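You will see chain A twice below: alongside chain B first, and alongside chain C after that.
Right after this comes the complex of A and B.
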């Protein structure tokens, strides 16, 4: 099968689904809440033109990015420390085991108590929910290193700091990158969720307020925009990872 | 370090933090009351019977939806995965649908089906469906043709093919999917309860926050945490059981 016809077949299903949706709503008057794809498209262009959707997307993206930066700053050193010092690992294992399965949504009410309905709530909840993959991948990156790497560094009489900087970090880098990628996708999702309940701003709030105002086509337009943002972010991250580590892309 | 002292050391951190909080926390604090107040608040909610009901309601949604998602996801994943042409054609659509964060379906579903009793089960099973479906799809595609051909050559019955080839190849991926799906199901179930004010821990949590009842918020947060930890352990146990039964297959 040529690449061309495969591409055509991949487009067939979404186009057919959208066509069936359009027809079903147009023919059947019973679906009075369900908007047609063309109505959704109109709502999408309208909110794009008046700038609301762009501003909301920018807020969500900025919140996710800021949370991700905090996750990187805390998660990588903490994970690497956990991978290096077994006493620390023992001390924190149960603590982490208890905190990690805490569902992100449940954290929003206490965060609102402390920070009010603000961006602080959003960022706190997002960081808390998205830091775990980074901690565990940085830890696994160090624990998975062969003992010979450390022995070589010791033979060369490298200082502890030098070993960490030029031997351990590069060796664990690919693992850390996997966690960083996972963490960013989580940041994006959790900030949208935090906006739905905890911080009245951004795409999450836009989605909920469109629904509360019963503006169906706008609700769908926001859902679509969130999906597109997710796909774009995923694509950009995949591209960045491939550029940084050409070997990793083949492995995964 | 022996095992006993390791257990004690791992217990020390959370216990020490809670004790510290208890020691310095102000019981009347509107934002971070000490753990003792959480306990008394939880006791009051248990005595009133509302906490048990809320936990049961949330768990019911999660278990029912996970079951639906497990059955539908496994069936769809296996059917799509067994036909490479079909799975190739649906791949981009699935990829887009998967990248829509499941919690964002909640408002859309509220528009379409209202905030009735069906809402929770529908949205939560939709959210839990993806991890299972995509995992099973991949596992089915990864079954080596030799395995299937060997079955043909040996002329084993269809039942035997399913039991000896398909189930052992797919089951580990169902469990792996569940490990992602169940925590997601808990999140979406709580969110449905918050946004659509359906009975459950999520709604209690939100109304406690609106009443500025900080001890209740922390008591409910701890309850949710315990549910999360319990579910996590149960899934780990399930995974261990399956990998003991099926050594060498899967990964």
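Right after this comes the complex of A and C.
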């Protein structure tokens, strides 16, 4: 099969469903609470032209990215330290096991109490929800290393810093990356949720306000935009990893 | 000049095991001479690896003493480098051959001096042509050469080798044995070499020490009266070689009984 016809087949189902949707709403009165795909398309174009959608998407993306950066800065060192020092593990594991199962959404009311309906609430909640996979993958990355790798560093008389930077971190890297990608997807999802209830801004808030104003086609347009943002962001991350860290292909 | 590099005095090593502490080595009296090529042989479970780890600074004696240049130590002493049998775990797969060799020296030297040291080490093991490759692209023999080159880059006084050729085929093994004797002749390094292969021990060693029992003790030692320059074919036909090999096999089997 050529790439061309494969791509055509991939689009077959979505296009057919959209067509069926359009037809069903036009023909049957029972579906008339739903907007037709053409109405959604019109609403999407309108909000794109007046700039609202782009501004909202930019806000959500920036909030997710900022939260992710904080997750990386705290989660990776913390996870690696937990993998290295058993005393730290003993001290923190109960604490972590208590915090971790807390649903992120439940954190929104207390965060609003402390920070108000603001970007601080959004970032706090997003970081809290998205940091766990990074902590556990970084910890597992260190714990899974072969003892020989530490003995190699010792027999070559590497300093502690050189061992950490040139041996341990790269060896644990592919494992850490798994957590980083997971955390990134979570950041996008949780930012939208936090915007819906904790910070009146971005795509999440756009979605809720369109629904509250009973603008059905705009609600669906926002839903569509959230999906597109998720796909684009994950694609961009994969592309960046392949471009910036080509040596990884050799390691795995 | 004739003070030993390593000296063990009634050294005992106990290690934690599933059934509590277990004595692995007992009453080890051993001196390793300067520029000596010492082979350690013995059946499995006689503590060869533990003795090498004690010399390498990975485990300390629980009683008695293990001294390097007259001093006790708790971590790998300066000038002593261990080469492991499992090169696959010891090499860094994300670094090229050159970068692997650089690992142990790049903190101390840089620039042209670093390049020169890497080139010298690669030349000693004949890996110059593969310098841009990643370890995964190399054969087992070449990967072990790489680990040896990485150790040699530090210009060590002592190389500790734990069955380094154990996982290699006979042809590669013979070639590397000759290279290793040449490397020792040109660098003047002291080598302690573990093997369970009696032919390898007699062919390589200036002295062969036999470990036996559990806990392991030094059962006996021989000095094969062979010339410094050895050859896979003619040396192995010498009556002295055959005699030493016979003697060692007999003692090894006697110890096992």
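Note that in this section the second predicted complex is superposed on the first by the 236 of 252 C-alpha atoms of A that agree within 3 Å, B and C clash if a C-alpha of one lies under 4 Å from a C-alpha of the other, contacts with A are read in each partner's own complex, and residues count from 1 in each chain.
Going forward, a contact is a pair of C-beta atoms (placed from the backbone, for glycine too) under 8 Å apart; a residue touches a chain by one contact, two chains touch by 3 or more.
Not measured: the values here are computed from a predicted model.
Once the two complexes are laid over each other on the shared chain, residue contacts for A:159 go to chain C alone; chain B is not touched. Once the two complexes are laid over each other on the shared chain, residue contacts for A:72 go to neither chain B nor chain C. Shared-chain residue A:172: touches no atom of chain B or chain C. Once chain A of one complex is fitted onto chain A of the other, the partner contacts of A:80 are absent, as it touches neither chain B nor chain C. Look at A:114: by the touch rule set out above, it reaches chain B but stays clear of chain C. Residue by residue along chain A, chain B and chain C are tallied for touches, and B comes out ahead. Within the superposed three-chain model, A:234 lies in touch with chain B and out of touch with chain C [touch as defined at top]. By the touch criterion defined above, A:151 lies against chain C but remains apart from chain B after alignment on the C-alpha atoms of chain A.
For the contact definition in use here, the chain B contact set and the chain C contact set of chain A share no residue.
Residues 6, 9-14, 17, 33-34, 87, 90-95, 97-107, 109-110, 112-114, 188-189, 192-193, 196-197, 204, 207-208, 210-211, 214, 216, 219-220, 222-223, 226-227, 230-231, 234 of chain A are the ones that touch chain B when the two sit in their complex.
Of all residues in chain C, those touching chain A in their complex are 56-58, 75-76, 78, 80-82, 84, 86, 89-90, 92-94, 103-104, 107, 134, 136, 150-151, 154. By the touch criterion given at the top, residues 1, 6, 9-14, 17, 30-32, 88-93, 95-97, 99-101, 103-108, 110-112, 183, 186-187, 190-191, 194-195, 201-202, 205-206, 208-209, 212, 214, 217-218, 220-221, 224-225, 228-229, 231-232 of chain B touch chain A in their complex.
Interface residues of chain A facing chain C in the complex, by the touch rule stated above, are 146, 148-149, 151-152, 154-159, 162, 166-167, 170-171, 247-248, 250-251.
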